[in-house]
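Alright, structures below, take your time with them.
Next come two complexes built around chain A: one with chain B, the other with chain C.
This part shows the complex of A and B:
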């Protein structure tokens, strides 16, 4: 019983790390543009399928296909940005519907090109077991991408707080007009946030492809998960996103261990509802001012 | 002013008499039209919430599924008459919407995604609560619509009249709500919710009411569909299509007008089934997504206002 719990905590921690990458991208774009990109999960999906094609067609190692996936995902991310920029009226509502539509296009594009079959990496190196302390089991992919994800989250944090462009993003997030007066180009900053979100999504996509299985319906599920994590975290808190992601990962793993795998997403959503009811500003966030 | 009264009257006349006379004997065409009206009903409910409540929902499949399950189970397991069960289906969807109300504390994107999460929760519940819903195996031979005053509503033409009446009643209710003082307050909220609250409009209560009305309509439409198709399983009842198609229809037709969602549903559903599905049996939704994107970018107010603008411009040119 104890070992099962420990294993669930460990697996949840590993999954939580790449959830954090997806959620962080969603939160970054929300920060600068005040829109939720509902096609964000589909960016992850695209990266995963690029890795699949590169591996099955040209025998490319999934890690080596990251640059290739980056190009495609970056291109799509900028296209999303340009389309959102065309919206003139009712930006909040229309951007939601627009990115929802882009998500439908991308999911069905994947369905048309790669069919609904599930795929996973054929490079066995990723799936060999790593045993920690004789009791905790994981695959090489999970451990590798846990380390990469944590490093990326901290790199993003460092970038946002310590570099000029990172500060520009935070400045535009807190007050677009004031940032503009200080010489920040908000459009440039917005594109940048989309591209960084695309980079994080790409790495998450490769993590899923090497560690789990991919299928077209994954995109929307990931968007919802990322959104739930940002709600748990409270907007604007990177450590919060990481904690929220690990929390969701652990809760899902515990659910699969003790209840049923079909309830995996259910408990996360119930937690989300409880947080909404009791602490709408998020577990680690601060209340926002109205007006 | 006179055209405003004559024109809808003419359309209602065509819908009730001309359509059944013209194509009533072709079962396939009637099935398509009934399905299009079903989507239209959800689209009207979705647009009501979006236009009056200012809320985008990606979870109307939740209300649709709950309505269909409640009605199907009441007729199958409790022996309720079909029409009473359909109303109860609407009531069930209302209860489901009350469960989702904590989401009203969230604004804009938060609400939209919270309600999407709810749709998933309801689908999982329908699969897992086997003792009540019969689980993933689904429900078979759900009773058909009854015979009323010698007219068999279980036929295609009967079903057509029932769903047409439901959708038109929903549109009439929507039109009444929009011109009432509540509609005025909601319109003011659309511009600035905080200022409206300060002058004493109970904004959250009004939004909650719009959610309830929208859920009720969707639930009744879902219940109708259950008795029309006579089969349900969780994946079908809570399918994302019940959310996607109505949104595309409402946006395409114009979600800020009363008739736009229905017109959009008829056009989109029929074209989707007859044209897109022929070319792309799998993944034909890609075209729906593209339409959605194109409408938002090019004409976010939809097709109906666009056509009306062109008509009035033409009339001015003549005069």
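This part shows the complex of A and C:
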């Protein structure tokens, strides 16, 4: 049982890091613009399909396809922002409906271009086992993207808190008019946050393509998972995304080990609801200030 | 004079219409709902291709007599939309329905067809409950027992003593896993069942349980393509000490061999055809040629099932039409009287619309081929046993 528990914790940790990678872009846009981009999962999926095309058609290593995927996903992310930017009334609610619709269009675009077949990388390097102490097992892809995920979480956090553009995004999020008076261009900073979210979605897409299986219907499931993690972490908390994602990953893996694999999604949702009940601001979010 | 001319012209037109009508083809409107988008899009598309081939072949063979017009609606892998599709097709005047994928979708969709008085034939749902509802117009050419017989037969011939079965917790896969468990237990083989959620992406904790706790001789997989790939990837990392990896539908296919070549080596799955496909009968050759012409690829098992169910339905429609009973509910009786040797073997429906003669075959991925290894009389090669993708 000890070995099973250790492997469950290890698997949960690795899965959590991959969840964090998927959720990071959504959390960034949600935290800075109060917009829930329900097409985020489809952006991740688009990057994964670009990697598939590059590998199957030109024999490119999935990691080498990142620049190509970045261009396409970045372009679509900006297009999503331009559409969302046209909403003048009830932006939070209407952007939800709009991005959900964009998600459906993107899913069907993927279906039309790449068909409904499932795909995964054929590069065996990613699938090979990494064994730690003859007790902890993972694939190379999982270990690689675990490290990349942690690096990207901290890079995003550093960028938001330590750079001028990061502060500008937070300023626009906090008070758009005051930020304008300080010389910040709100549209420019919002486009930037969508582009950064696109970059994060691209890396997440490559991670999924190398470690799991992609199919057109995956996008919505990714968005839901990312949304749960974002809310669980607390709005605006970037390191919280990593911790929330790892928590979900570990709970799911332990559920498989001690209860049943068919309950893993259920326990993740129970955890989400319990946190919402006890801490509506999320695990690492701040409560509303009282003036 | 003007009136006379008008009357003459009208009479001429009626006579001409009658003359043309006497030689015109009779148009048969056939309905189909399938998941062409959503989670089951791949399997739905596969079946749709088989249905289209059956319609194309029928129209060519009956040129000048009958012409089938197929109306297909995408149910988006959604039971409510499948019901709406059936109601819409009934409103458009289709004579029967072919298609449907997923027992949870076929259940309510065929219920709607029953209310509309339409015959519904499928191969996309194997849940036993579907044929126990007393619907006189419900027919299916395959069932859980046929898959279970094949999986159980292979495992029994392997001489394994203990099997862990990992199954998707959907209705059809749960039913099949439990049927296989019962059949194997009756043969004295110990079985451990592990259900998993369809959204599972990391199977390592589950496969690790099999490795460290169950210590089984073989792993059975009852799920869908993405589940198989996930389990096999976890197996490649954890390398459980088992002698065989055995799955059911959608596994021993040309698609899986091409797309996941290394991952599926020596893995077994149900398969009616070897790969590359060998078609010997004239009908099978025509089926394969038409498939190639329409879709530019070799047929797979989904297309084969879709083709057989639609072909049987169209033949019954013609018989009912000739007997003059098509409009009075004679189609179900004609289908019930079907006893045919088809591309999937003998099909004869019982009083519930099930095909008790359905039995599957087992294929094994061997290099670039899928070799039929069970039953012995249908085998195209010998099984490689014991073997797993990670022991190769």
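The definition used in the following text is that the second predicted complex is superposed on the first by the 283 of 291 C-alpha atoms of A that agree within 3 Å, B and C clash if a C-alpha of one lies under 4 Å from a C-alpha of the other, contacts with A are read in each partner's own complex, and residues count from 1 in each chain.
Keep in mind that, in the parts below, a residue touches a chain if its C-beta (ideal position, glycine included) is under 8 Å from a C-beta of that chain, and two chains touch if they have at least 3 such contacts.
Predicted, not measured: the structure shown is a model, and the values here were computed from it.
A.B. asks: Both complexes share chain A, so when I overlay them there, do chain B and chain C fit or clash?
C.D. replies: clash
A.B. asks: Tell me the contact category for A:180 with respect to chain B and chain C: first, second, both or neither.
C.D. replies: neither
A.B. asks: Identify the partner contact of A:253: answer first if only chain B is touched, second if only chain C is, both if each is, neither if none is.
C.D. replies: In the superposition, A:253 contacts chain C only.
A.B. asks: A:129 in the overlay: touching chain B, chain C, both, or neither? Say first, second, both or neither.
C.D. replies: second
A.B. asks: Classify the contacts of A:108 with the two partner chains as first (chain B alone), second (chain C alone), both, or neither.
C.D. replies: A:108 contacts both chain B and chain C.
A.B. asks: Once the shared chain is lined up, is A:116 touching chain B (first), chain C (second), both, or neither of them?
C.D. replies: both
A.B. asks: Tell me which partner A:215 touches in the superposition: chain B (first), chain C (second), both or neither.
C.D. replies: second
A.B. asks: With both complexes superposed on chain A, which partner does A:139 reach: first (chain B), second (chain C), both or neither?
C.D. replies: second
A.B. asks: With both structures fitted on chain A, tell me whether chain B or chain C touches more of chain A's residues.
C.D. replies: The larger set of chain A residues in touch belongs to B.
A.B. asks: Between chain B (first) and chain C (second), which does A:8 come into contact with in this model arrangement: first, second, both, or neither?
C.D. replies: second
A.B. asks: Tell me which partner A:262 touches in the superposition: chain B (first), chain C (second), both or neither.
C.D. replies: A:262 sits against chain B and chain C alike.
A.B. asks: Can you pull the chain A residues that chain B and chain C both touch?
C.D. replies: 107-108, 111, 115-116, 260, 262-263, 265-266
A.B. asks: Which positions of chain B touch chain A when the two form their complex?
C.D. replies: 50, 54, 56, 58, 102-103, 105-106, 108-110, 112-114, 116-118, 120-121, 124-125, 127-128, 194, 240, 244, 247-248, 251, 280, 282-286, 288-293, 296-297, 300
A.B. asks: Could you please specify the touching residues of chain C with respect to chain A in the complex?
C.D. replies: Result: residues 36-39, 41-42, 44-45, 77, 166, 169, 194-197, 199-202, 204-206, 208-209, 212-213, 225-226, 229-230, 233, 236-239, 255, 259-263 of chain C touch chain A.
A.B. asks: Taking the complex as given, what residues does chain A use to touch chain B?
C.D. replies: That would be residues 30, 35-36, 38, 83, 86-90, 92-94, 96-98, 100-109, 111-112, 115-116, 220, 223-224, 227-228, 231, 260, 262-263, 265-266, 269-270, 272-273, 276-277, 280, 290-291 of chain A.
A.B. asks: For chain A, which residues are in contact with chain C within the complex?
C.D. replies: Its residues touching chain C are 3-4, 7-8, 11, 14-15, 107-108, 111, 115-120, 122, 124, 127, 129, 137-139, 212-213, 215-217, 221, 253, 256-257, 260-266.
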